[in-house]
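Shared between the two complexes below is subunit A, which pairs with subunit B and subunit C, respectively.
Let's look at the complex of A and B:
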């Protein structure tokens, strides 16, 4: 029972109350860059979810089986970013060969992912928050669902915005940030549901 | 000489990393709650940017083309780790408030972008100028946002009260919505400024 409570707490927290993109300001580059259409943001969300979950398992193992026994914790940042970059490259090669249909859907997003701050942030937070492996996986799922949610919401609003008249000096990026600002107000309202 | 001046100003106006190219936004928005934090982030960021641009431009001729990206990442991650350890050792309070955003300098696309686009092709001196320009461009944005947010959100500048006590600060500005709102307005202003600049040159 307590475990269920903890899991749901972490999920609600990471998807809504502490949304990675809108409240914690992580991975904003893709938030403004990839939300030009609904398909783009769904594709990006899927790719990020997959890589984040896998990367947090791998980095967890790397940290506790290699870095800690050899007292190399100070190399954490370098080790994690290299693992993520190599892993993304491997996934790309594997998908190209084995699942071409999935590669077609996800392929163009994969190179962008290696420098997506989300993944490094989640893997580092797993370690600093002292999560167990199971909780770390739950946390990474929640975080990437929150990311996908934010992207899809903004993509939807941007599609609608094409048919509205926007003051000339706000056209382009400024209006996107002001929209994001209102989204952030809405997300702040959800803060009460989590501890 | 005019060329180097152009490179320097490029980072501040036409190719301002944050407001025009829209990369490296995360740290700018998250850290700009107080001016002190913003200055700390700027220092950390500049150290990594200048260090890695100088390193890469110094060894640019011996980097094999095919594995250049991993080499860039290692160089950037090394400097980030140095900054991380220095901040942790000498300023634990700054380390606490910057938190995850110091290690995230590694994946800050501005740095890898500049290393790839500029210093892997140019001399050490030109890279120094470029990285100085870029870091001034970044610093201007983060400090100005922090200044506005701190002033409106808590009524202080660098921790000193500037408003009389009967004026209540607008808390929303130090919360996430305020950050998005102010950067939106700053982008609008810089766009208008650049347009004016381009028009002036065209005539």
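Let's look at the complex of A and C:
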């Protein structure tokens, strides 16, 4: 029972109350760049979910089986970035072979996942929060679900925005950041449901 | 050994080991998951500008290269290709192309109806766009073929290459212009045209009327006197709709037509 409670708490926390994009303002580049259409943001969310979960498992193992025994915890950042980059390359190779249609749809954004700040943030937080491997996986799933949710929400708003008249000095990125900040205010209301 | 040296040694050793491990892994997987790609696609992708600008409507240069191989897209779909790469691509694909299509193109405003030259019928103020001016018939100049000068082209240009000059005519910055053609399709009077960049002679007028009407409307409009046609030693000029059309293949830019033109309509452009 306690485990279920902890899992649901972590999920709610990472998806809504501590949403990586909207509350913590991490991974804003792809948040702004990939929300031009709904399909784009869903595809990006899927790819990021996959990479985040796999990267957090591998970086977890890397940290506890290699870095801790050698007392090299300060190598975390560089070692994790290395892991993420390699993993994104693997995903790219795999997609190219197995699902060429998705590979084409992702285009240039697939290699750019390697520089997605959220994945590094999740892997680092797994360690600093002293999560167990299982909870770390749950946390990374929640974080990437929250990321996908944020992307889909903004993509929806941007679709509506095309039919509205925006003052010239706000056109383009300014209005997107203003929208994002309003979304952040809305999400602040969810703070109370998390412990 | 001092502790610092041990630490540095260990950390670099671990990173080296990780790097080698990951490298071998990636190398192995790239062999296992190798996709037999058409080698032509790889070659053409290398010849592309590589800016992934997306102006062609495809998702990046690699995607356009693939469509070219499949025959879905023509080579000139990429506006930034230089003629050398275009010729190489055509030889890879086995297609004949006209390499003159791949020289740098720039927009030119074919009108000299500035405030000094063109006759103004009324003073029109506060018209925001040329398109609106045409719809409402609120334009200052009597010439119905002239540049209206409210700057739709300058607004639409994504590279800020067009500005409305002090004489009320758009000025194209040839260094900034990429020849995308947005201004050409925007101009309601069809005054702007894309031409290959380079020294040449061009008749800067669109007025399809004859003599007197043109003369009343503009000091520098073409009155269709055909002096240029008669004087041209290469027979490169012919008349179409009362306007001289200069054949770029025959013209050697001798400048006899420029001197002959009584209205100073034909001019040298792109002089270095």
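What we mean here is this: the second predicted complex is superposed on the first by the 183 of 195 C-alpha atoms of A that agree within 3 Å, B and C clash if a C-alpha of one lies under 4 Å from a C-alpha of the other, contacts with A are read in each partner's own complex, and residues count from 1 in each chain.
Throughout what follows, contacts are C-beta pairs under 8 Å (C-beta built on N, C-alpha and C of every residue); 3 or more make two chains touch, one makes a residue touch a chain.
Quick caveat, the model's predicted, so the values are computed rather than measured.
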| query | Who wins on subunit A residues touched, subunit B or subunit C? | reply | B
| A:68 contacts which: subunit B (first), subunit C (second), both, neither? | neither
| message | Under the stated touch criterion, which partner chain does A:29 make contact with: subunit B (first), subunit C (second), both, or neither? | response | first
| task | With the two complexes superposed on chain A, say which partner A:93 touches: subunit B (first), subunit C (second), both, or neither. | result | second
| said: If we overlay the two complexes on their shared chain A, which of subunit B and subunit C does A:82 touch? Say first, second, both or neither. | reply: both
| After superposition on the shared chain, which partner residues are touched by A:166: those of subunit B (first), subunit C (second), both, or neither? | neither
| message | According to the stated criteria, A:104 is in contact with first (subunit B), second (subunit C), both, or neither; which is it? | response | second
| message | A:193 in the overlay: touching subunit B, subunit C, both, or neither? Say first, second, both or neither. | response | neither
| task | Share the list of subunit A residues that count as touching for subunit B in one structure and for subunit C in the other. | result | 74-75, 78, 82
| query | In their complex, what parts of subunit B are in touch with subunit A? | reply | 22-27, 29-30, 69-70, 73-74, 77-78, 80-81, 84-85, 100, 103-104, 106-109, 112, 172, 175-181, 183-185, 187-188, 191-192
| query | Okay, in this complex, where on subunit C does subunit A touch? | reply | 10-11, 14-15, 18-19, 22, 25-26, 29-30, 33-35, 52, 59-60, 63
| request: Within their complex, state which residues of subunit A touch subunit C. | output: 62, 66-67, 70, 72, 74-75, 78-79, 82-83, 86, 89-90, 93-94, 96-97, 100, 104-105, 107-108
| message | Applying the document's contact rule, which stretches of subunit A touch subunit B when the two form their complex? | response | 22-29, 32-33, 74-78, 81-82, 85, 115-117, 120-121, 124-125, 128, 169-170, 172-178, 180-182, 184-185, 187-188
